[in-house]
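You will see two complexes here that share chain A, one where it goes with chain B and one where it goes with chain C.
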Partner chain A sequence: MRRRLIAFWFVLPAFLLYTVFAVYPLLSALANSFWRWQGTARAGFAGTDNFTGLFTTFPLDQQLWPAFWHTMAFFAGTMLMQNTVGLLIAVLLAELPVARRFLRTVFTVPYLVGGLVVGYLWSLLLSPVFGPVGAGLDAMGLGALARPWLGDPATALPTVILVNAWHHLGFPILLFGAALAGLPPEYGECARVDGATAWQRFRRVTLPLLLPSIGVISILTFLGSMNTFELVYALSGAQGNQPTGPGGATDVLGLLFYRIAFAEGGTNAIGQSSALAVLLFIATFVVAVTADRFIRSRS
Partner chain B sequence: MRTRTGFAVLALVAALASAACTATGSTDDRTTLSLWSWRPEDVAAYEQILDTFHDAHPDIRVEVKAYKSTEYNTILSTGLTRAGGPDVMQLRAYGGLQPLIDAGDLVPLDDRVTGLANFEKSSLDGARGKKDGKVYGVPLEMSTFQIYYDKDVFAKHQIEPPATWEQMLAAARTLQGAGITPFATAGKDTWLLPLYADMFAATRYGGPAFEKKVLAGDVTFTDPAYVAALDVLNQLKSFFPKDMMALGETDVQTLFATGKAAMIPEGSFALAPLKTINPKLNLGVFNAPPPPGAVVTEPLQVGWVDASYGLNATSEHQEEALQLLQWMTTAEFGQQVADTLKQVSLVKGVQPADPLLADMVAAYRAAPTPYLMLVDFRYGTPLGSDLQAAGLQKMLLGQQTAAEVAADIQAGISQWFRP
Partner chain C sequence: MTRTVRLAGYLLLWSYAAVALAPMLVMLLNSLRPNADVLSVPLGLPSTLDFTNYETAWTEASFSTYVWNSVLVTAGAVALDVGVALPASYALGRFGFRGRAVLTAYFLAGLMLPVRLGILPTFHLLGSMNLIDSRLGLILVYAAGGIPFSVFVMTAFFRGLPADLDEAARLDGAGELRIFARIMVPLVKPAIATVVVFRFVPLWNDFFYPLVLLRSSDRYTLPVGLTQFFGEFQTNWAALFAGLVITTVPLIVLFVVATRQIVEGLTAGLGR
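The block that comes next holds the complex of A and B.
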């Protein structure tokens, strides 16, 4: 009993903090989404109107699905880059006899900088007028390849995805690096004795053992992508009133939420944005939990 | 190490808290009014301006608090509903202040501030409640939108400010032939696009006369004249920077200020930034001549009210706040807005300090046209300006025609707009 009491007092602060700062805001968003709002005042019960409104009101109905697909592409592109380029660099670093820690730090530095800063820096680098990327291509005689990367609907989203992958590359490198260091060397050596080539050793021994790490990275990338905001916001020049990017080419769900909640100044902003937040939360939660279960069952 | 930092932070917080206590708890019997603004860059200027008010009202002390413009709306709408909010605060114009009025956060000023008579009706419209027609703010300043040109570049290529549409296109061709971008326009900062449309083509749809008709429900945005006006930007597209959609406002300001472009459609508010980039700029302004088929045959000056000062309904110092607002209607304050804040004051008879600003205001007084989407179509969501901005970007990218843009604007606005 005494032990229980002590445990209770130890748990209490964390429980209170969690309730006040995590559970309460989530529940209040849920509650807000069922009301119609006039500014900051409730103006009557809305039922599911705020939810259906997202899918049926012009122009939201034309923005929601593109934003969703852009978010999915953002996730898929980033995840692919992290699990290929990130893994490759991590493997190469693990094999490197010298300067391993230094290079790992170098690759990780962008990850330590905020998305707004990274987005702003890249928007400067990629500026067709003043940016060094275009100038560099020109200098190499490849001026024909220079284009307004972020101003062309065809290249804007791929560019944003590449910048995002660059920004977060340090994370898979660190995680894969740790996982590689934790692999028992006997497996690889056995395979080597049996005459396996380096590729076969990687494909048949190392990669299967890295699957849990790939899963973790994919889930975290999914969470990050569903909530992505600041990088795209900064790359598009930090204005949140219309679908972001040329012709809305880089609009994502996080930005759609920002528009509804803050930028448009609609009187029902709280109700409608809460509805989108609830949907986002449910989708993210369900996918993350399912994927986590799946990965655990496989490993 | 971490504990030590923790203690340092705690100590700092404690020190700040006690400092705050002494500041607010100072025992003089003056009433402290809290004034909120979205222009942190103006705080020093406000303190200077308010000295005049403090001299005349020794029993009142005004403290200025400024928040970042992009966060201001959110901070204000929560600040007004709790303790610690402002007494007097800067308000967005037109549709921008309706949510606050709807929520009952503001006090109507019509019978309380007699100085409102010092403003024209069109100025007061910027602070009017759409539903009750009452005035909720003392108008602070206005903006105009026009074409700035680089006098030196024009002189070098023997170009005069154009009086006709043809002359403007001829000038643009000459400049383009010399490797200079005629118009420095930004497509990345989409909020500029509706302003470009009104600046180049309000004459094409008819300016204030069209405004009246569309507000009365006699025409809609799918009217051929309005569609043709939207299409004017398409006709000018070849004179805009080739990478326009990747350029933001500061990019094109730099293009212009460094002589790579000869003209820039910009607001009165851009005068200071342009001069900051290049203090030697020799600037002139003109309004676009009416394009072919224009309904109005003389150039129009686009203008709108930007901001006003309103009174928090929950303020505990209503009487003192009203004294401050009354002072803000005087020529004394208006002149300070012009001289110290370098803005266009709306108090009757006050002249801007800068001759270029004075030109813009004179043009506006002579032949005004509203920034249509901001002035009349931001009273519901989707905002007219957002619909038009998104549509014009698609039009300039070749993804939509002018008629489709007009149809989208109409479809969006008709959700909430009743003539």
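The block that comes next holds the complex of A and C.
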């Protein structure tokens, strides 16, 4: 009994802080999504009106699906880069010893920099008039390739995705690196004795053992994509009050959420943004839990 | 692995190293060049070491204030986070009591929760406490958001310590607070270091919360300050590059000094 009391006092501060400033706001958003709002005052029970309203009220009905698909493309593109290029680099890094630590540090540096800084940096680098990237292409005689990447609706989203991949590639490199270092060396040795080629060893032995890491990276990339905000905000030179990129080409769910909640000034902002928050919440939670189950069952 | 494959491998690694580093290098070099040069020759070396751009950013655009605010908010939040998570993790990791599993799960659920989605209620909650446009408000929200990760890392660490450590002290008649502060806390220093370093990075970089919660520019942290700077100094590219360098350098220094803690923090989720 005494120990229970002591435990209570030890846990209490963390419990209060976490409950009041992290859990309560989330639950509160859930409750708010079922009410109609006039500014900050409740104006009657809305049932599921806020949720259906996301898909039917102008201008949301025009913006929600594009933002959704852009977010999915964002996730798919980034995840693909992480699990191919990132994996390749991690494997090479594990196999080739020269300057390993230096290279690992170099690969990780972009990952530490915040999304906002990365966005602003690349917006300068890619600028069509004064941008160093265009100047670099010119210097190599490839000036014909230069174009306003972020200003052209056809290239804006792929460019943002590539910048995001550049930003985050250090993460899979470190994670795969740690996983590779943790594999028992006997596995590879046995296969080597059996006369397997390097590729066969990778395909049959290493890759299956790395599946949990691929899963973890994919889940975290999904969570990150649903939250993407800073990078696109800075890269597209947004103020947050209208769809980003040329013709809304780089608009993502994270930006849409911010816009509804704070920048558009609709009278039912609380109801609608809470409904979107709940949908995003359910999506991330379902995906995370299912993927987590799947990874556990495979490993 | 054959010689050719090896060579191709190294070539690929160094090429990607160039891709990863070149943008940062351009950022650094252009921050040291006069603006006229940067605009006429976007890709070039500084002819002299010129820190004018840094002066512009530091004084004219009040980066001195932003850096101070960022240090204050980040350090305050990490200290509060660790300060409350440490005793909680100790109790959750080493005390047997009913409801411990549920309580641990309650904290760890936060690892998966997109806390940002609660921003509107957070805004109104802080409003009711008079903590809008306040660095303290930001500190409270950041510390709360960090608790799941801190509890996750430190509970595991406490659990891994030998069982007889605190039992022996208890038999000697040492009080619980004393056992915690004098015996247990020194033993989990590595876990504390991981949490401190690893929480520092996202808080230093965060833009979303200060964008919503702060109003006056003398309270801005670096990312919001940077946004204001990019609006006001649009044509002074050299100064913009200097502003980006100022925001980035502390993180790179931190990484070089504490590589091990960062890697540990990143891979902490892998062992679950």
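By our rule, the second predicted complex is superposed on the first by the 299 of 299 C-alpha atoms of A that agree within 3 Å, B and C clash if a C-alpha of one lies under 4 Å from a C-alpha of the other, contacts with A are read in each partner's own complex, and residues count from 1 in each chain.
Note that contacts are C-beta pairs under 8 Å (C-beta built on N, C-alpha and C of every residue); 3 or more make two chains touch, one makes a residue touch a chain.
A quick note: this is a predicted structure, and the numbers were derived from the prediction, not measured.
In the superposition on chain A, A:Trp166 makes contact with chain C only, not with chain B. Contacts of A:Gly53 after superposition on the shared chain: neither chain B nor chain C is touched. After overlaying the two complexes on the shared chain, residue contacts for A:Phe262 are found with chain B and with chain C alike.
Of the two partner chains placed by the overlay, only chain B lies in contact with A:Gly247; chain C stays clear of it.
Of the two partner chains, chain B and chain C are each touched by A:Thr40.
Contacts of A:Pro66 after superposition on the shared chain: neither chain B nor chain C is touched. In the superposed pair of complexes, A:Phe130 makes contact with chain B and with chain C alike. Between chain B and chain C, it is C that contacts the larger number of residues in chain A. In the superposition on chain A, A:Thr105 makes contact with chain C only, while chain B stays out of contact range. Look at A:Asp152: by the touch rule set out above, it reaches chain B but stays clear of chain C. Shared interface residues of chain A (contacting chain B in one complex, chain C in the other): 40, 130, 262.
Contact residues of chain A toward chain B in the complex are 38-41, 57-59, 126-130, 147-153, 236-239, 241-243, 246-248, 262, 264-269.
Of all residues in chain B, only 70, 73-74, 77-78, 80-81, 92, 95-96, 98-100, 102-105, 187-191, 241, 243-248, 251, 254-255, 260, 378, 380-383, 385-387, 389-390, 393-394, 397, 399, 408, 411-412, 415 touch chain A in the complex they form.
Those residues of chain C that touch chain A in the shared complex are 1, 5-6, 9-10, 12-14, 16-17, 19-21, 23-24, 26-27, 30, 38-39, 41-43, 80, 83-85, 87-88, 90-92, 95-98, 100, 103, 107, 110, 112-122, 124-125, 140-141, 143-145, 147-148, 151, 176, 180, 201, 204-208, 211-212, 223, 226-227, 230, 237, 240-241, 244, 247-248, 251-252, 254-256, 259, 262-263, 266-267, 269-270. The part of chain A that touches chain C in the complex is made up of residues 3-4, 6-7, 10-11, 13-15, 17-18, 20-26, 28-29, 32, 40, 85, 88-89, 92-93, 95-96, 98, 103, 105-110, 112-117, 120-122, 124-125, 130-132, 134-136, 139, 166, 169-171, 174-175, 178-179, 198, 212-213, 216, 220, 223, 226-227, 229-230, 233-234, 240, 257-258, 261-262, 270, 273-274, 277-278, 280-281, 284-285, 288-289.
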